[in-house]
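Let me give you the structure first, and then I'll get to my questions.
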Amino acid sequence: MKISGIIGYTVTPFDPCTQGVDLAKLGEVIDILLAGDVDAIAALGSAGEAAYLTAQEWQQVAEFTVKHVAGRVPVIIGIAALTTAQATTYAKYAHQFGADMIMLSPFSYYQLSEQEIFEHYQQVSNASPLPIMIYNNPAVCGVDMTPELMLAMVADIENVVAIKESSGDIQRMHKIYHLSEGAVPFFNGCNHMALEALTAGAAGWCTAAPCLIGDKPKQLLQAVANSEFERAQGLFYQQFEFLEFIVSSGLAAAVKAGFALKGMDVGGPRAPLLPLNDAKQKQLAQLLSNLR
Amino acid sequence: MKISGIIGYTVTPFDPCTQGVDLAKLGEVIDILLAGDVDAIAALGSAGEAAYLTAQEWQQVAEFTVKHVAGRVPVIIGIAALTTAQATTYAKYAHQFGADMIMLSPFSYYQLSEQEIFEHYQQVSNASPLPIMIYNNPAVCGVDMTPELMLAMVADIENVVAIKESSGDIQRMHKIYHLSEGAVPFFNGCNHMALEALTAGAAGWCTAAPCLIGDKPKQLLQAVANSEFERAQGLFYQQFEFLEFIVSSGLAAAVKAGFALKGMDVGGPRAPLLPLNDAKQKQLAQLLSNLR
Amino acid sequence: MKISGIIGYTVTPFDPCTQGVDLAKLGEVIDILLAGDVDAIAALGSAGEAAYLTAQEWQQVAEFTVKHVAGRVPVIIGIAALTTAQATTYAKYAHQFGADMIMLSPFSYYQLSEQEIFEHYQQVSNASPLPIMIYNNPAVCGVDMTPELMLAMVADIENVVAIKESSGDIQRMHKIYHLSEGAVPFFNGCNHMALEALTAGAAGWCTAAPCLIGDKPKQLLQAVANSEFERAQGLFYQQFEFLEFIVSSGLAAAVKAGFALKGMDVGGPRAPLLPLNDAKQKQLAQLLSNLR
Amino acid sequence: MKISGIIGYTVTPFDPCTQGVDLAKLGEVIDILLAGDVDAIAALGSAGEAAYLTAQEWQQVAEFTVKHVAGRVPVIIGIAALTTAQATTYAKYAHQFGADMIMLSPFSYYQLSEQEIFEHYQQVSNASPLPIMIYNNPAVCGVDMTPELMLAMVADIENVVAIKESSGDIQRMHKIYHLSEGAVPFFNGCNHMALEALTAGAAGWCTAAPCLIGDKPKQLLQAVANSEFERAQGLFYQQFEFLEFIVSSGLAAAVKAGFALKGMDVGGPRAPLLPLNDAKQKQLAQLLSNLR
């Protein structure tokens, strides 16, 4: 199983009455991503409010996602647990449910040392045979990993095989490519950096954008792959303001608002997150209208 | 109930075999703090690894702490929950167990807007009649609150009455004092800033240091209260390197290592946190020896 | 010659017609500072727009200042030259004119290495027998020096004897005090940090505030020296908003506007600096009125 | 005159004996850049140590550069003066000497407001008819300009026509492109960001690299222009470590060391800058050898 291309991220729909996870709607979200020509499905990432789910909800979403995708594309399951014990438990579930890969971030209340981060990944690798994608997103996880640390984990921990870089600094990707001589696959996790990430050699782009704008991200990826620079640039700037908007507004709130604008009620984000306010909803409607 | 002075913070002891919470040892920790002449006891703060406890463990610690203190001093219970629902649940428990105050921080995976933070505090205030101390610690919680926002919450949300500032920027305290004309009590949450915080008008100092160095923090507080500047300065610099060490090494790991050095086994911190390494343990032993 | 206490900083008056330096007015500024009970006079610091003066103007100001002070208090001359050659030339002039001390900052277009900074100070020390105060002000000079580097220069470079810390981080002062065991004199260069700097053991406070508020800074310094805690806190918060205002508005523009409000025309700051706008002038007038 | 492509930056050679500017060597540097197929020559930028030259030296270099290039390609003259008066004087000289464009940065001792920056550019535009390229390099100039401010100056100040972005943040370029709908030419000023800048639509790349590695930068630029994606990526990563090295080591010191390694003595950088140490020289020799 080789994962590359557009990795489509789900949001986690909540039932407006019970506030519980709405699995039927999650199935619709997955199907919309697949219709947007994504090359893999990822659940329980930042867009999926994984940190706000109970352990039981997390398992429901992970299990359902694998079943619903049913082998059409590979499935990645995100783990952002506060303790190593919880992360290893989740990793075992992901394997048991039949996922193809784990995406693991060192989400933490405390500043973690490099040794603590390394041990965290080592324990999760020991607990499950699934390949692991390191997820570096300092803005949400509160922990920043250098390219050097991440490459050391790829080299030294058995199941760690890839990197998702969401720090927003393109130099990190250059470092990963340069230091590994292009051998370690890295993925773009910062939507409004997609053009340069793909140009810099990213193996793919992790994004919830296809939830709302279909195969536009895939078209951009293919334009780069086909060396159509002008087309790639055009496609990027066409999506740019939208991509920046969903990041700066909060992925979960923004994508859920976008679904509502398309007539599909997936509930709001879970508190303390608030839904987009009216002005933001109007702005999003305009951006989506421009992209049609 | 007026809370001021030295607020002594507990660590959460774990049983070396079961890895569960060791309540008997927690009782000993509380008694050590009280012997250090603290004016209040606070459980489930950063030093207490609250973010790493299960909901059941959190309740055990909260309930036991109130019972064990048994009215000798007021008790503050820390809440750093990811969702508003969890925070309100904990707030109800704190009230039910008989705590005197809640210390609430907006711990979050996502960047929260000021409105989201405000609503979070509002909901918790609605859920429990306990007075609330706002806890601003951007380094661990990933959320930074301005003095202006915190003062607005004190003014507009019924039970919000005090501020614990741990950003490390003394200007925040000046702002709080200046903007509220000295009327809103604020506490120092940054150990190696204690001298200037107290001089700037802090109502007290939140610290786990008395776990290891007895009444030294109280002596410093009293020297400032008595206008003994030279004595205050001397006491501060005597403790300075130790205070900086426990902050930079991680409070939970450092204080637990200090207990071990004193012959009391409270277990290590919970993974991904690692215990202090040998070099750090030796450094701590030296610092404690200097302070005896 | 031992320098301590309030170091009063001059602005550099410009003639409204010729735009050249107005030495007569500079004399008046110096006399106002002395009437504010300062313990030393410093010319050609940040408040003095030294970086914007021609070499000839710089010499005029330095020479005039020493002559006009005429031994009533010690005189410090600031040097913020881009090249080492220029800095050594200025150092020789300062000595020749009879100054008591040089204040030297590594102002630079480029990021300088610690070795480059060290060599810069070494060359200036070789060029003049005057004692040197290191001036660390990263916000304006573009170079930040650690306490460790500055203490190494005090230890290893003959004429380097003191430190002026303007980074705004009180921990730097604690480090200087702690690492030197209180032996190296350091001065506060951040106006709205005066209370904690003095409490932390600063030998003095470098400030242009006495240009506008007379002996209020000296009163604060003496209250700390006399262990009058409550009085010190009261005096600090009385001045706080004013001190913060002149820093955030730009010292040269703010102090010159203050002189104009008092009916003394010292000209505006030199372009690209602009004078305070009307709203800021009104705010300053109010602040000064509150302090009378 | 339309300026685009590779803008080759000169260093300023100093005579080892007199320490004065060595114009003959400067002529050789210019010829080496032209042999590297640059599309324009720029003197007196960061690589040229302009901030460390006397006014007389600055004029010599500006005048000589225009004469020596003699119309073979356009000439850009950099201005990084501390006062507006000095900047306007230099702008007049640049025009008088026959330069084609001015590159102007708001180099300053003080934090400048947006209005102060705007007025600075306005005054320079009033003083000379030459087109002006805004140069944003916060790391050296101490002033950071937003895309919005720079675009406002392009729109509202007569001679301001282009932007050189050296902040190192690719999002700034996306903003410039997006907000101006591609109409305002922007140049890459951050060497190790060249690939993504060109992909993002930069009109060119400002670089001293051709001093040492000939037409490699031009090849990269052309590969992007020809939509040869794989070739562009290969050329970029071939040069990447070298480009990062000359930036992190300081452009002037690094490029001058490179000339020495090639057997051409252009002197060292001016103090406080130091020449590369032995280890760095060996590293540079290796990097250059890899690129041959």
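Per-chain residue numbering starts at 1, and chain names A, B, C and D are given in the order in which the chains are listed.
The criterion applied here is as follows: a contact is a pair of C-beta atoms (placed from the backbone, for glycine too) under 8 Å apart; a residue touches a chain by one contact, two chains touch by 3 or more.
All of these numbers come straight from a predicted model, not from anything done at the bench.
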| item | value |
| --- | --- |
| Partner chains that subunit B and subunit C have in common | none |
| Of all other chains, the one whose Cα centre sits farthest from subunit A | C |
| Subunit A-subunit B separation of Cα centroids, rounded to whole Å | 35 |
| For subunit A paired with subunit C, centre-to-centre distance based on mean C-alpha positions, whole Å | 52 |
| Averaged-CA centre spacing for the pair subunit D and subunit A, given as whole angstrom | 39 |
| Sequence positions of subunit A contacting 2 or more other chains | none |
| Touching pairs among all chains present in the structure | A-B, A-D, B-C, C-D |
| Touching residues on subunit A, where the partner in the complex is subunit D | 168, 170-171, 174, 177-178, 182, 192-193, 195-196, 199-201, 224, 227-230, 232-233, 237, 240-241 |
| Of subunit B, residues touching subunit A in the complex | 46, 51-52, 80, 82-85, 106-113, 115-117, 119-120, 123, 139-142, 250, 252, 270-274 |
